[in-house]
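Chain nomenclature is as follows: A, B and C, assigned in order of appearance, with residue numbering initiated at 1 for each chain independently.
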Amino acid sequence: MKHKTFFWFVFPSVLLMILFIALPLVSVVTQSLYSKHEQVIVEVENCGPFGCTKATTVDQEATAALEEAEPLGKWAGLDIYKDRNHLAISEVGQAWINADGLPDFGRTLMNLPFYKALGFTITYTAIVTPLTIILGFFIAIAVNSVARAMRGPTIFFSLLPMIVTPLVGSLIIFWMVDARGILGTGLQWLASDPSLSVKASTPLMWAMLMFYGVWHSAPFAFIVYYAGLQTVNQDTLEAAMIDGASRWERIRYVVVPHLAPLTTFIALIQLMDNFRVFEPIISFSAAAHATSLSYAIFNDLGGETRLLSSAAATSVLTIIFVAMLLSPVLVRTWRDFGTQK
Amino acid sequence: MSVATRRPLNVRFLATSFLVLWLIMAAFPFLWTLWGSFKVEGDFFSKADWANSLFGTLTRVETGGAFTGDGYYGAWIQEEFWRAALNTVIVCFFVVTISLTCGTLAGYALSRSTYRYAFWLLLFALIFRAMPPITLVSGYLLPFFEWNLWGHLSTTIIVLVAINQPFTLWMLHSFFKNIPKDLDESAMVDGCTRFQAFRHVIIPVMWPGVITTGLFSFLLAFNDFATTTMLLSKENHTMIPKIFSFLGTTQTKGNVMFAVAAVVSVTAPLFVMILFFQRQIVSGLTAGAVKG
Amino acid sequence: MQNGRDSVVAEIHAAKIVATRVLHRNLEIQLGEYKHMTLMKKLTLGTVIAALGTTAAMADGHGGCTEGRLNIVGNEFPAIQTVAAAAVACAGDDAEANLTADHQKINVAGMTGNPAEYTTAIVANSSIVALINEDVIQPLDDLVAAHGQDIPKQQLITVDGKIMAVAFMANAQHLVYRADVLEQIGADVPTSYEDVLAAAEKIRAEGIMEHPVGGAYAAGWNLAQEFTNMYIGTGGQFFEPGSAQVSINNAQGVEALEMMKALSAYMNPDYLTHDSNATSAEWEAGNVALMNMWGSRTGVLMDDEGSAPEVYENTKVGGPLMVGDSGTPATTLWWDGWTVAKNVSDEDAAATFTAMAAGVSPDILNDETMSQAVWLMEGFEPAPVNEGVLAAVAAGSTPYPMVPYQGLLHTALGDNIADFLQGSESAEQTLADIEAAYTAAAKENGFLQ
């Protein structure tokens, strides 16, 4: 395709992405390299309906002068990345020296907020992504063989976990797995342990978050595969059948290769989405048991005093990790581009 | 479906029971919600005994009957949920249309270009998508307030389109790669320009992919929470922030049931929509079969 | 049980004497008149009609509102809805209000531009500091002098002598108990957490309830709030005086954590996921007999919706709880109030001020709005549900600290305390983690160098 034609075809899309994603990305990276100015603290007396108390406040005039001098804030370089709430370089170094064996080092590491979040995020991504793809694939195969009249409702019900507003959807699931909810009671009955509570135990909470993750995103893999199945070459299938290929062989040698590009796509999107896992942690109030990188960002931005630089640094780290995670898939796409030439 | 009929019985049994199991898992929470939406809050979140939500013990005490439409009345009439529904229709329609227009053009170009920069463009789109949406949205706030763009439906539509563009690009790129190059290239040999080839040859066969991508754009716009709550003013709120405001930080009694009723009632139009899409996707089957 | 009731009443009376120092005359009179009020219930209807009359008259005549822009940003609970509606009615048709749970995420951005999108933000004593830190609200002294002469002095929030906000309601956490359960075990109404533990043990031992204690212990903001209460109750200081240097890794910190852990043993095992909504739901289900709860939430617990009669009829409020022997109640006092944006024209500031002043004038009090909050304006008639908040005020409780970096500490607390409660580390380790997390955040925000 000619350069000029290509340019006009992609122009609207690229313009939007530059304006609304690339520019904010630049500002986020900049933000993460600066910390706030020194805040000049003065002691004051505050009064209100409950009497007067001694407190402190920011001296606006003195602070304004500092702000004027450096409008972006104080240059921090990589300090924010290295502090305890992020990569915690010096704390990790200390732990490595003082650790009494590897398990002890691991415990110290998991006590640092960033590594704790990273630990859950990586486990979640590693488990949920493949399960989603496999489950989605089998649902697509199964739905594709349903009688045509039944397909609409089947597709609709299969899509429900994705359609029902995650906000309320997870609230309802959260209630259902409560020790006195219908699923929670069911689990207690299955495990014959009347004191079993998913919300009270860290391993069970992790399992539930992951189960929810697969349940919620399997419809995505399903519908992509289902659409892909519609374009499988029927002639090839018939030919394979005449050659005596079993059903499994037909799937293995005709359907799976046909769906391979879609699998790449699903894997990319799912890896990325799972790495940014956030909503279930909020909806399930799971913060005591599991935190993720996105949760850390939310926490920085949602407090009474917002930690903009800290949130920016965590965002940049998230992007870097996602890029590392996707690199195998990207290398593959790169090679595809090479062979096409 | 000649393939399906020729399957051995045990495989069919296995496939059917797998599907039934999945459907139960997928639909049960929703059906439970549907049932519970006609109860009072005390029954829906039956802390005392889960069976209350089946029999509506408190619903009987509080309203006299085993079922109540209070949640629906409260959401749609008292809280004027229809306004939010209207806003959602506007937002979804424009997000899907604009997303797909930009996305099909770019996705098609990306799938046909053999230059390295196409790869880099895709790569950057992907990196862009890795950005956590909360960071993006909180970055928008200041300039939007400054330039008086905050609160309008149009701003939110553009933002949602932009945030969704990387996804749309990748998805359509994958679909277009599945459409053989010979199709449009032979049209160009016959004297069509690139755009004419796209219009007359590609558009007719691209629907399964486009419909599926459109479905995701739609769901994104429909289910988005972060952008719509932060960027829309109160009167322009779409359904999700509205539902969230029913829940609130300090739940006012009964309002939770407004949220539940609202969630159930917005699922009905989706049902119709998906039935429609399903036919579109299947109609693509013939188009796909032609290509061989 | 009768003893329990009486002791609370006696306590409130005793506290009233102490209150002279703390309380404004107005609140005090209300407390004193509380007993009369209950007798005079019949009279209130008349008062309400009169009040409604004035509101209507005000709406017609646009009250004392001057011309200009009004745009409110604030939280969305009913009391704020009432205030915003009255302010908007006074200011006229162009006035807007954006009341949302996410107000804290948009208020700074919405007030930074010039002119500011929002001319006023409704905040609490914890959230006003973000606006002061970012310098987006203006001192109200001149406006009060010009238009606000009749705003009672106790509603004015001053920082360093400058009026920064006008408060209109108060809130606090205090004991809520089930009178029938306490009667059953023959216990008095607890006044301290030690009493709560003893009563809880009895309730469990007698097999009445397995998890008799409730509390909003959800990891995050709620848990941090409970620690803040408890730590204040032990007499601890959060920071070294006059600086942003945190100092909670001490005996009081350990005591506070140990008490929380002791209480959690009597809570539902899921307590780390229970925010105040979930805790209230537990209460209404009749699973809990004693809990520390927000005064603003007790109204719904005592009405006849959502729970069995034996639960709502026996739900009673007590005073704030003590811990140890510091003499300071383990609770914090809160106010909600309104501010005026800095980056607005004088005309808009005056319009905003007059509209908001009308929004929190005594005229907004009527039969429906009276129960929405513990209002600070004159004419507020406390109901039995409000006893707890008033007792907390009267007992000389500490207001939630209005300190620029308190929010950072709150976040650090919320992130780390669960580790201790779950038994995965020692109290000292948890407190050290909190200090380290806070210090890193405070450095980034320029409070520490």
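Here, contacts are C-beta pairs under 8 Å (C-beta built on N, C-alpha and C of every residue); 3 or more make two chains touch, one makes a residue touch a chain.
This is a predicted model, so every value here is computed, not measured.
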Which two chains have the most C-beta pairs in contact? A-B
Among the chains, which one keeps its Cα centre farthest from the Cα centre of chain B? C
If I average the C-alpha coordinates per chain and also across every protein chain shown, which chain's average lies closest to the global one? A
Dist(centroid_CA(chain A), centroid_CA(chain B)) in Å evaluates to 18
Interchain centroid distance [CA atoms averaged], chain B/chain C, Å: 39
Whole-Å gap separating chain A and chain C, where each centre is the average of the chain's CA atoms: 35
Multi-chain contacts only, two chains or more: what residues does chain C have there? 105
Multi-partner residues of chain B (at least 2 other chains): 45-48, 138, 244
What are the residues of chain A that contact at least two other chains? 301
Residue set of chain A touching chain C in the complex reads 35-39, 41-51, 53-58, 60, 63-64, 74, 76, 80, 83-85, 91, 111, 113, 178-179, 195, 197, 199-200, 202, 284-289, 291, 299-307, 309-310
In the complex, go through chain C and note every residue touching chain B. 75-78, 96-102, 105-106, 109-110, 112-113, 117, 276-277, 280-282, 284-287, 296-297, 300, 303, 305-308
Contacting residues of chain B [partner chain A, same complex]: 1, 3-4, 6-8, 11-12, 15-16, 18-19, 22-23, 25-27, 29-30, 32-33, 45-50, 53, 101-103, 105-106, 108-110, 112-116, 118-119, 121-132, 134-136, 138-140, 158-159, 161-163, 165-171, 174-175, 177-178, 194-195, 208-209, 211-212, 215-216, 219, 223, 225, 240, 243-244, 247, 259-260, 263, 266-267, 270-271, 274-275, 278-279, 281-282, 284-285, 288-289, 291-292
So, in the complex, the side of chain A touching chain B is made of residues 1-3, 5-6, 9-10, 12-14, 16-17, 19-22, 24-25, 27-28, 135, 138-139, 141-143, 145-148, 151-169, 171-173, 175-176, 180-182, 184-185, 215, 219-220, 223-224, 226-228, 230-237, 241, 247, 258, 261-262, 264-265, 268-269, 272, 275-276, 278-279, 293-294, 297-298, 301, 311-312, 315, 318-319, 322-323, 326, 330, 333-334, 337, 340-341
Per the touch rule above, chain C residues touching chain A in the complex are 21-22, 24, 27, 104-105, 108, 125-127, 129-130, 132-133, 135, 154-161, 167, 170, 218-220, 223, 241-244, 268-270, 272-275, 278, 333, 335, 376, 393, 397-399, 401-408, 410-411, 414-415, 418-419, 421-422, 425, 429, 433, 436-437, 439-441, 443-447, 449
